[in-house]
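You will see two complexes here that share chain A, one where it goes with chain B and one where it goes with chain C.
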Partner chain A sequence: MGIVYVLNGLYFSAFLFLTSLGLSIILGVMGILNLAHGSLFALGAFMAAWVIGVCVNAGPTVGMIGGFVAAMLLAAAVGFVLENTIIRPMYRRPLEYQLLITFGALLVIEDLIKLTWGGEAYYASGPFDMMGRVNILGGEYPAYFLFVMGVTAACGLCIWLFMARTKLGIMLRAIAMDRDMAEAMGIPMRKLTILAFMLGASLAGLAGGLMVPTSPALLGIGMEPLIMAFIVVVIGGLGSLKGAVLGSLIVGQTRSFGVGFFPELEMPVLFLIAVLILVARPQGLFGRA
Partner chain B sequence: MGIKGGIWVRGVAICAGVVLLVLLRWVLPSYQLILFETGLCFGIMGLGFNLLLRHTGLLSFGHGAYFAVGAYTVAIIGRYLPGLYRMEILLPGAVAASAVVAAIFGFVCVRHTRIFFSILTLALSMLVFALLVKLYYLTGGSDGIRAPIPSILGHSFQGMRRPQFLSGFYYHFLLAAFLVATALMYALIHSPFGKALQSVRDNEVRAEMIGIRVRQFRWMAFVISGMYCGLAGGLWSFVNGHVTPEVAHWVFSGEVVYMTLLGGFKTFAGPVVGAVLFTFLKLYAISGTEYWMLIIGVTLIGLVLLLPSGITGAMASWAARLRSLGTRKI
Partner chain C sequence: MAGGIKRREFLKGTSMGALGAGALSGVGLVSGAGAASKKEIPKGPVRIAAVSFLTGAAAAPFGIPGDNTFKMMADVYNQKGGILGRKIELKSYDEAGGADAQVKLARKLLMEDKVDVILGYISSGDCKAVLPLSDELGGLMVAYDCGSHELLEGEKSPFKYPKHGLGFRSAAHLGIDNIGMALMIKKYVPNVKKIAGINPDYAWGRESWRVFEVAMKKLFPTIEVGVTLWPALGSTDYTAHITTLMNSGADIVHSSLWGGDAVTFTKQALGMGLFQKTRMAYSRGEPYPQEIGAEFPEEQIICCAGTHYFLYPAHDRWPLNKWFVEEYYKRYNKYPTYPCYHAYQAFAVYKAAVEKASALVGGWPTPEEISAAMKGISVETPSGYLHIDQDHNGREDVLVGFSKKVEGYPFPILDPKRMEVFPAHMVNAPAGIRTEDWIQSWKV
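Right, the complex of A and B next:
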């Protein structure tokens, strides 16, 4: 029975990892704490649910792939617009303005979702039903959950390869370390910050899209992932891929076992863990001091 | 105009303002007056919030938590200890409870500055939110708890309806509490403690060098700030008549940041002006359209882009420009 909790924990971790990785890239490279990140997650969820619903005759596989791609593209496009219109003037402004403007963006996006898709819930369980269940150690487990973990692991690997091995990735890390120096070295700052923002946004959109076959797209759906992603980033350490992995594993497992054994205190226990880690290591597990 | 003249003008203006506020009870219709009371409560909270933002340089995104602790202290006493449901116990209780919670949370938060401080305060307020929602047998979950009219100094207001209570005696009570809180905050930021906080904000290393214990000062500011929120929450619970977990949600804390910026966080009166304006703005947006978040969001973005110093800040700079125009002519 315990294996189910562990697997469920991994499944929670998958979403958290995608969401917090996007948040962490935007925060690490550009120094912007994007409060609208959860809204990008919600946008992805609504878009994927809508596409899966539209493509219902073409079969769940087409709908699913179309939905996930559409979710990523929409989130990236919104990220592009956000960066170009309201975030760009904020790079040199104090933190409070950055937070406020992304908070404003959050309110606007939430209502734009309501305007576009109406207030009701969107269900799209086609891909989940299609994949059925598999046998794991004598118990049945939904294959879709494993699929999500696989997609997440693949994304994590791609991002790691991109950051560690490609020239673009190295330039992004250079910006994260020292913005002015990177600019002085001739790194094309404008293009790269847009790229980083779109990359982070599309990861949030993908996370939202991946979630939609298992639970409906609702208004305000992005709030919880946002808070959880904050916790992951805080305990994992800012701008650290390893931190994001370990942080989401800790949070995901705690949630899974919390839901199973102490449902009332699941969130508080999570915060308690976060607080304990931070008192011992203020910069987070893998953060630079 | 000499400095002395300035003080005189300011003193007369403040007295006139206070008289106007006192008279408002008979001028404004009951509904508007109650809305104004909500604004005053948020104004007290804004004062506390700005002690951190303006004077200590810390941006909290979770001050709703301490507001909620104050409000829930009142509501929980009302539900479980009705014998103690007296204003003389409720308000100090609300302030004390929020002080305790702020002391615990602040201890963790002040180890960080800038963005991490904001994330942490936000996360901790969500902890309070989660507790309030999850411990439903104690807190009523998302339904919240009713906060009936308390007795004040032995007077029980029995048989009085809430709007009548609110637009009557309670307005002056709230106004008095607001004025006292404002005066105390003014004194605090002009005290050596307030100056020490500013030095911490401006240059942490130098502050440490001249013997200020930076973390401890930040912590003290955090606790005082939380106590203001607790007072505001306690006072607000009677105005609203009902306490729900939403006030601990980070979106409410975000609104407080918005109010402060709207009014202008670089001035003392800014948060109060912003709080009152925001209360009216939000209510009219909500009653006018289903898409009120869009309106608030667009206003917020426009404000940050075009009017970063807020209303009071903009007014001050316009006044300065006018004055410089005047001197140039001479």
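Right, the complex of A and C next:
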């Protein structure tokens, strides 16, 4: 049964990775602490659920692919609008301005979701049901959970290649390392910050979309991912892909084994790890001081 | 309507209540039932504030169905002339924002907006924060859905009641769910050896488990209690919890998970094969077979937070339930779930108490007079009779059953052959005795 705990931890880590990487990119590259990131996750969940529902006659595969793509596109589009309207004036402003404005955005997006989709729960379990279960070491495990891990791993690989091997990615990393120097070097800040914001937003949207076949899209669904993503960013460090991977794995596995072996302390242990890292290495495991 | 109470006794009780409430607030309350008898019925509308979650995770499963019912009943009552001829003006408010926000809202509603009554609250935390304001501000409040048994109970048995002169709950507390399920298990699963629990990590979940555990230990003295899990409210991933429960060896897993949490847990548990290993007992599971649909597993123990079920009481025996189900379905294209029944109860109790008090003292009654009339009242509801006891808490029977696929329904319903109704006296502690102490006093 230990393998199942590991798999459960990996499954949870997958959502953490996608959500926290987006948060981390936005925070690392743009210096914006985006409280509305959880709302982008929720937007992705609602959009995917809606598309999967609309495409029900076309089959779960079409609905699933359409839903996930639509979730990413919607979150990226909303990210584009946010960056161009309320986020841009916040660069170089004190943290409290960012918190206020992004918290306002969180409330507005929540209301927009309610206006668009109403207060009802949206179910879209077709992909989860379609994939059934697979046999792992004598026990059964939902294939959809493995699919989520696979998609997340593929995303992580693509982002690593983008960051490490493309000019745009290298420029993004340069901004994250030293914004002033990057600007002085002539890096097109404007375009790249929009790109970073849309990329981060689309990852949150994808995470929401991937979640919806196993959990209904409900108002307020973005809060838990936001809180957990902050813990991951604290542990892993800002703007670091490696940090997001390791932070997600630490949180996911601690939670999984915590529930199994010390259920009363599962959350306190996570916060304790975050506190210890904040004390010993404030920039996180892979963040730059 | 005045059923059994004499005008003189009523006036005496009302004046004393008013004195008590006045002493609490430090402000002499108007009242004086004699003055009330000279009052006219105002021409303007009766203003009712309905407070439910309209946003957040509790909106879809509870707040919106509850609010829909408040609106439906305001409409229905208005078509029949309102309350004592006054049109009902209902305004809905969002319960989101936490207890502090609700305290501020309640103050505004009672002090500035001068509403006649607040019917509201789903969260036990909000009820605990807001209900004491009823006496402080001299406004009537009827909590309609929150389940904490500690809301109106004291710290030790026996305790003084009522806790609040103008604060009521128009439903039974969570004790009936968990005691009802324990009695159901005693009757239908007598060989149970080990139980486990998964409950949300706040007052509701902790109290639900505590009552269930106490009742199970009383009914099954040798029962083994396995793992108890406390996921955070609003969790989207229960895989680790499910694996732990599958390994627990429990025959029955108790759960008071609700709303999206209950749906998410059940969906993931279906995928991971939990229901092949153990049986769930959902303390407020009534909405979820309908929410999840045909794949909801059979043979799970489902409790209905009272006798709130769209098929019970049977429509041919209790036409009010037939009317309620059809009217709600016509308006909202869904069958009513238990928050709908709870909302009906709050509205019906308030209306009946106003009419009863008015019949005794004339005119439009004061909050104290309505309170005196509400205490001890029994009303017909779609679920049967609801009684408000001397401690201002509702008393109801409770319905428990096993999920079963039955032809003609797109989701499992309660097995008609194994539905059990445990009468109020078997599942509700008497006024003045704490629920856990009452269970401990049973002679099994």
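The rule we apply is simple: the second predicted complex is superposed on the first by the 285 of 289 C-alpha atoms of A that agree within 3 Å, B and C clash if a C-alpha of one lies under 4 Å from a C-alpha of the other, contacts with A are read in each partner's own complex, and residues count from 1 in each chain.
In the analysis below, a residue touches a chain if its C-beta (ideal position, glycine included) is under 8 Å from a C-beta of that chain, and two chains touch if they have at least 3 such contacts.
Treat the numbers as computed from the prediction; the structure is a model and nothing was measured.
Participant: Looking at the overlay on chain A, is there a clash between chain B and chain C, or do the two fit?
Facilitator: clash
Participant: Who does A:Ala105 touch here: chain B (first), chain C (second), both, or neither?
Facilitator: In the superposed model, A:Ala105 contacts chain B only, not chain C.
Participant: For A:Leu33, select first, second, both or neither according to whether it touches chain B, chain C, the two together, or no partner.
Facilitator: First partner only, chain B.
Participant: A:Glu264 in the overlay: touching chain B, chain C, both, or neither? Say first, second, both or neither.
Facilitator: After superposition on chain A, A:Glu264 lies in contact with both partners, chain B and chain C.
Participant: Identify the partner contact of A:Met211: answer first if only chain B is touched, second if only chain C is, both if each is, neither if none is.
Facilitator: A:Met211: touches chain C, not chain B.
Participant: For A:Phe128, select first, second, both or neither according to whether it touches chain B, chain C, the two together, or no partner.
Facilitator: second
Participant: In the overlaid three-chain picture, which partner chain does A:Ile273 touch, first (chain B) or second (chain C), both, or neither?
Facilitator: neither
Participant: Using the superposition on chain A described above, determine whether A:Ala153 touches chain B (first), chain C (second), both, or neither.
Facilitator: After superposing on A, A:Ala153 lies clear of both chain B and chain C.
Participant: Between chain B (first) and chain C (second), which, if any, makes contact with A:Pro89: first, second, both or neither?
Facilitator: After superposition on chain A, A:Pro89 lies in contact with chain B alone.
Participant: Where does A:Tyr11 make contact in the superposed view: on chain B (first), on chain C (second), on both, or on neither?
Facilitator: In the superposition, A:Tyr11 contacts chain C only.
Participant: Of the stretches 6-14, 42-50, 78-86 or 132-140, which one of chain C hits chain B?
Facilitator: The segment of chain C occupying space taken by chain B is 132-140.
Participant: Based on the A-chain superposition described above, do chain B and chain C contact any of the same residues on chain A, and if so which?
Facilitator: 110-111, 114, 223, 263-264, 267
Participant: Mind listing the chain A positions that touch chain B in their complex?
Facilitator: Within the complex, chain A contacts chain B at residues 27, 31, 33, 35, 86, 89-90, 93, 95-97, 99-101, 103-108, 110-112, 114-115, 223, 227, 230-231, 233-234, 238, 263-268, 271, 274-275, 278-279, 282.
Participant: Chain A touches which residues of chain C in the complex?
Facilitator: My answer: residues 54-57, 59-61, 63-64, 227-232, 234-237, 239-241, 243-244, 246-247, 259-260, 263-264, 267-268, 271-273, 291-292, 295.
Participant: Flag every residue of chain A that touches chain C in the complex, lowest number first.
Facilitator: 1, 4-5, 7-9, 11-12, 15, 110-111, 114, 119-121, 123, 125, 128-129, 133, 140-142, 144-145, 211, 214-216, 218-221, 223-225, 255-260, 263-264, 267
Participant: Would you tell me which residues of chain B are touching chain A in their complex?
Facilitator: 53, 59, 61, 108, 111-112, 114-116, 118-120, 122-124, 126-127, 130-131, 134-135, 250-251, 254, 257-258, 261, 265, 290-294, 296-301, 304-305, 308
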